[in-house]
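Common to both upcoming complexes is chain A, partnered first by chain B, then by chain C.
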Partner chain A sequence: MTASPINTAQVRKSGRFLFQASVVLLCAWVLVPIYFLLINTLSSPETVASFPKPFWPEFDLGSLSFFANFAGMLKALKNSIIVASLTMVMAIAFGAPAGYALSRFDFRGKETFRVLILLTRAFPLPLLALPLAVLFIRTGLDDTLFGLALVHTTLAIPFAVLITFSLFSGIPIELEEAAWTLGCTRFTAFTKVVLPLIAPGIAASAIFAFVISWNEVFAAAVLTIENRTLTAFLLQSLGTSPLHLKFAGGFILVVPALVFIFAVRKYLFAMWGIANR
Partner chain B sequence: MNARLLPYVLILPVTVFLCVFFLYPFALVAQQAFAGDGGFGLENFRHVVSDWKFPISLKNTLLLAALVVPVQLALSLLMATMVTRMEKGRDLVLYIWTIPLGISDLAAGLIWLAIFDQSGFLNSMMAGLGVIDRPVSLLNYQHPGIVLAAIALAEIWRATAIMLVILVAGIGLIPKEYYEAAEVFGASPWQRFYKITLPLLRPSLQTALVLRIILAFEVFAVVAALGGTVFPVLMGQTYELQFALNNSAGAAAMALIILGISIGFTLLVLRVLRVPKGARI
Partner chain C sequence: MSFKMALMGATAAMALASTAQADVLFWSTQAKPVEETQAMRDQVLAGAGQKVDYQANDGGPWLTRLQAEIEAGKGTIGVLGALHGDFSALKAEELVDLSSVDLGGVKVNATFAKLAKLGTDGQPYLPWMQASYIMAANKKALAYLPAGADINALSYDQLIEWTANVEKETGEKKFGFPAGPDGLKHRFFQGYLYPSYTNGVVRSFKSDAAVTAWEKFKELWSHTNPGATNYNFMQEQLLSEEVWIAFDHSSRLANAFNEKPDEFVAFPAPAGPTGRGFMPVIAGIAIPKTAPDMEASKALIAYMMKPETQIATLRATNFFPVIDVALPDDLPPSVKAAGDAIAKMSGAPDANPGLLPAGLGDQGGAFSKVYSDTFERIVLAGQDIRTVLDDEGAILNGIMQKTGAKCWAPDAPSEGACPVE
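Moving on, here comes the complex of A and B:
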């Protein structure tokens, strides 16, 4: 049976409409819950607990200022930023050289090394926090931001290695070889030729490491007592804190995520493409 | 520097780091879990497994994974194919769809708490529609089904993006010629999806599923934010053993149990979706 031209045109039109409608629907599925959290954050504490809820924010900063004045909250926020920054620096400082080695050299033990990296991804890493809690007490690293950053770096390193590996692989080795023939040493060729090309990508993977640490809950809650990060603080006060505090805290957790994903969006897929293989 | 030595120098920091903070702690956790009064033993395992909460939290964790992972697989496949067909607005849509990737599980739990809470938006909507006239407390032990649904929704909302990113990257690796050839031979869009995309996407599906399943067994903060004590899960029990009960040997045993389940399912996925040699792109 063949459909008349009008019919196919109609089918195609309604198909396109269905397609666009589902795209919009799926976007709403992601955005509307975040919008709800935004309403709660920008409402006064009384409105947050009231019923029924308004469906638009009243732009009252009551909840946010309550959050800022809540004992220990700003310190927790600061701790989160410090731990995430330390993680970012360590993950890139350790990970990037390995990524470069994987992309440029064939050496014995390369496969074993790759398996070790991939292995870390296959384990529930936050559980590491349990034995490390004991180890840290022995070494005096317990309840320190640096100790937590070490655990978060373990979480972020596999990603840092694989991402930088894929980034370095995208830069032809011929460029470096040309620089060598023109009198550069291996090191100056790297800093003058490769580094400028790779810098934005490195920044993207650094941001990725930052987000991994910023979002981590379990290890942060296990390893910090006095120096809690924001996630650990929110988790441990879940049972006792008022609703508006939870929502304001949740919102503060979400904001960097929105910015960061926007900043790394170009690299997101390049990163995963190679990490797959 | 010697070019033969250089790669080893470059990978040395990561290797040392992972040995100290990954392999060594795992050895420690295993040692702690198997240590008993009389040296080596399974006492810790017996102890945690015989706890009345263990079967429930095991059941809950598995149930949640069984509910969430298939939905996420279907949803991320759908979204990934939609993205590849999109011309206008592709970047914006991709950005929006990947936003949850950067959101922590705790924040995701709090977002869905804003909806399912007693004074939350679901209640407000139902009141607006005239279904209820008083706010109903939804997240308590009287409504275990709703608690499960809220947690499952929050998990689906949060963690579909990671699968989406992997699948979009994977679809990008499939040569366009295959689709062109299929079109020449009159294959329908469905046939193209079923005969080209799915089989060639197998490595990416593998990665996405393994990563997702491991994360599913680690579910913790979403549950803590939404279900509290109503819906015990394995990771929550581990946390409780460590802190509320001060039983770190028990927590270590739980950690190994979670690890065992994760490895078991990882191997299963790798086996079911194995890619024959020579069939890679």
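Moving on, here comes the complex of A and C:
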């Protein structure tokens, strides 16, 4: 048998080609639709309706300026950011301790607790919205951003708990024990040793909470009137709007979330254990 | 960073929550497309003499919010705007009786006003505006009209022949039908196909004439653009020339006429063996029992019914007035086109107008689902017509028995619940 170096080189070459092709394909998968969204947003209504689509935007700002003049847009954008930020903080404030408890302590009903947390996602919001709205109106939480953030927090907590649970489980308990022997209390060991290690992961689950809140429509539409979030404000109307406004509205909805995710992207990678690249 | 942001957010939230709002909240399911919402705010409600906050919603959030306010006994909604079907799903006692509102001598269409009584003695809602479904075609398609066919008096057979001609000549299926998830296909079957072929909607649901109707529709479907199951608003496909001939709600065709008035024509729906079936769309306005400022709400209702407001609403939404009023000459192309087509349709010698389903209460959705399901099973899944009609007819009969709804035109009147024969 003769080992052929050509073959190995060839295999390596096609392997590299396959790798690069997959990378290009995956990037295109994400980028091409966003690029077309951009082109159509910056096109006149006639161009949007025509086919084939041009590859370069013609920088017609008609559709975007429509939204700039649409009453309440900026306020809705601000509301969305506030609600999503509140959700992010509350989901972590409640979710991370629960995740820590699940990973470090054995207690009765632990498994049931884990299932119960997931169950909060089992009921569709349209079913919950009516009693929630009645309760909110009676307690005065109705039409407040804080009230809506509470609902979104409930939606985000299962993810926060499960993500932080797996993060905490990835940190050996021995590290904490070592800290205890060196004079740390349970709390200081947590803040000085564990927290710095999982901070990127916490940030990642916070991003999830942010996105969940950003994308939620139904509760936002029912529970807020004057203080609508951008999604509740736009998404319902966009489905029935003409094509060029659909693109522009979609663009407006996507961009803030994209910017946010881009800004915190390095934390996102921490989720898969390749922190700080 | 995020903590600081959240703190700021929390403070802002508290501050926002405490600002009292005195505007009348107009909670509507109509004029939902963003430019229509904009037009309602700028052109219609700006002159109301009080600040009005017009909010357009999907049916789900609209109803959930309303129910929550009624259940809580305290509300922010001042005026409701919705379709007849949405109101008939509510309990009449949840709405304020509007018969005492002073409309200043405006004459409201009597048929619609009666429909709006929802079977009570009062006036739980008032008709607000009306529309209908029509046909639209690209002028390029006119060259392929069958010999001797008059576009304003087409029959279903001629429509099928026309679409077949177009397919033969251009090689493309150019008929469009809103069979998408948000398309209004069920209204075509209830208000157009069934009345035109069976002179009924419920009684004749599984008659032999209905079998013929579905056979004809299958034939039409064979010349329909296969993308039709994604079509919701036919104006889009007309503008992109994906289709040349289409059926839809007049306000869902409006953009095509407004953007390229010279390229499209509107014309009446076709006729079948039992006449030219067609159906109106009625939207209404009402006040929920929980309205925070009853006087302001009533003033807004009176304002909405004024002739000038009705004309402004027509320009904004492409929905026509429900009161006696002369239309001005300078209306947008979509309004002229649709108005002409509707006038020809209702004035045709073989016109067979249907009414909206009445007395179905909250079963309105289930009623429409029967027609959509029948369409999906017969046309999309290719199941045997007779079997499907018998199956779905049993479901339809169940709905009618459960609600006890009497027959409405074009079905012959019934004593009790309208039977499926």
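The working rule: the second predicted complex is superposed on the first by the 190 of 277 C-alpha atoms of A that agree within 3 Å, B and C clash if a C-alpha of one lies under 4 Å from a C-alpha of the other, contacts with A are read in each partner's own complex, and residues count from 1 in each chain.
We adopt the following convention: a contact is a pair of C-beta atoms (placed from the backbone, for glycine too) under 8 Å apart; a residue touches a chain by one contact, two chains touch by 3 or more.
Fair warning: this is a prediction, and the values are worked out from it, not measured in the lab.
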Query raised in the report: Regarding the shared-chain residue A:R138, is it in contact with chain B (first), chain C (second), both, or neither?
Result: second
Query raised in the report: Which partner does A:V222 reach: the first (chain B), the second (chain C), both, or neither?
Result: both
Query - Partner chain(s) touched by A:G239 [first = chain B, second = chain C, both, neither] - result: both
Query raised in the report: For chain A, which side has the bigger count of touched residues, chain B or chain C?
Result: B
Query raised in the report: Which partner does A:F59 reach: the first (chain B), the second (chain C), both, or neither?
Result: neither
Report task. Go through the superposed model and pick first if A:L130 touches only chain B, second if only chain C, both, or neither. Result -> both
**Report entry** Contact residues of chain A, present in both the chain B and the chain C interface
**Finding:** 49-51, 126, 130, 133-134, 218, 221-222, 234, 238-239, 243, 249
Query raised in the report: In their shared complex, at which residues does chain C touch chain A?
Result: 2-3, 5-6, 9-10, 12-14, 16-17, 21, 25, 32-35, 37-38, 41, 53, 55-58, 60-61, 64-65, 67-69, 71-72, 74-76, 182, 232-233, 235-236, 239-240, 255, 259
Query raised in the report: Across the complex, what residues on chain A touch chain B?
Result: 19, 22-23, 26-27, 29-31, 33-34, 36-37, 39-40, 48-53, 55, 93-95, 97-98, 100-102, 104-105, 107, 109-110, 113, 116-117, 120-128, 130-135, 150-151, 153-154, 157, 161, 186, 211, 214-218, 221-222, 231, 234-235, 238-239, 243, 246-247, 249-250, 253-254, 256-258, 260-262, 265, 268-273, 275-277
Report task. Over in the complex, which chain A residues touch chain C? Could you list them? Result -> 45-46, 49-51, 66-67, 69-71, 78-79, 81-83, 85-86, 88-89, 126, 129-130, 133-134, 136-138, 142-146, 149, 206, 218, 221-222, 225-227, 232, 234, 236-243, 245, 249
**Report entry** chain B residues within the chain A interface of the complex
**Finding:** 1, 3-4, 6-8, 10-11, 13-15, 17-18, 21-22, 25-26, 28-29, 32, 79, 82, 85-86, 91, 93-107, 110-115, 117-121, 123-124, 127-128, 135, 157, 165-166, 168-170, 172-173, 203-204, 207, 210-211, 214, 217-218, 220-221, 224-225, 228, 235, 238-239, 242-243, 248, 251-252, 255, 258-259, 262-263, 266
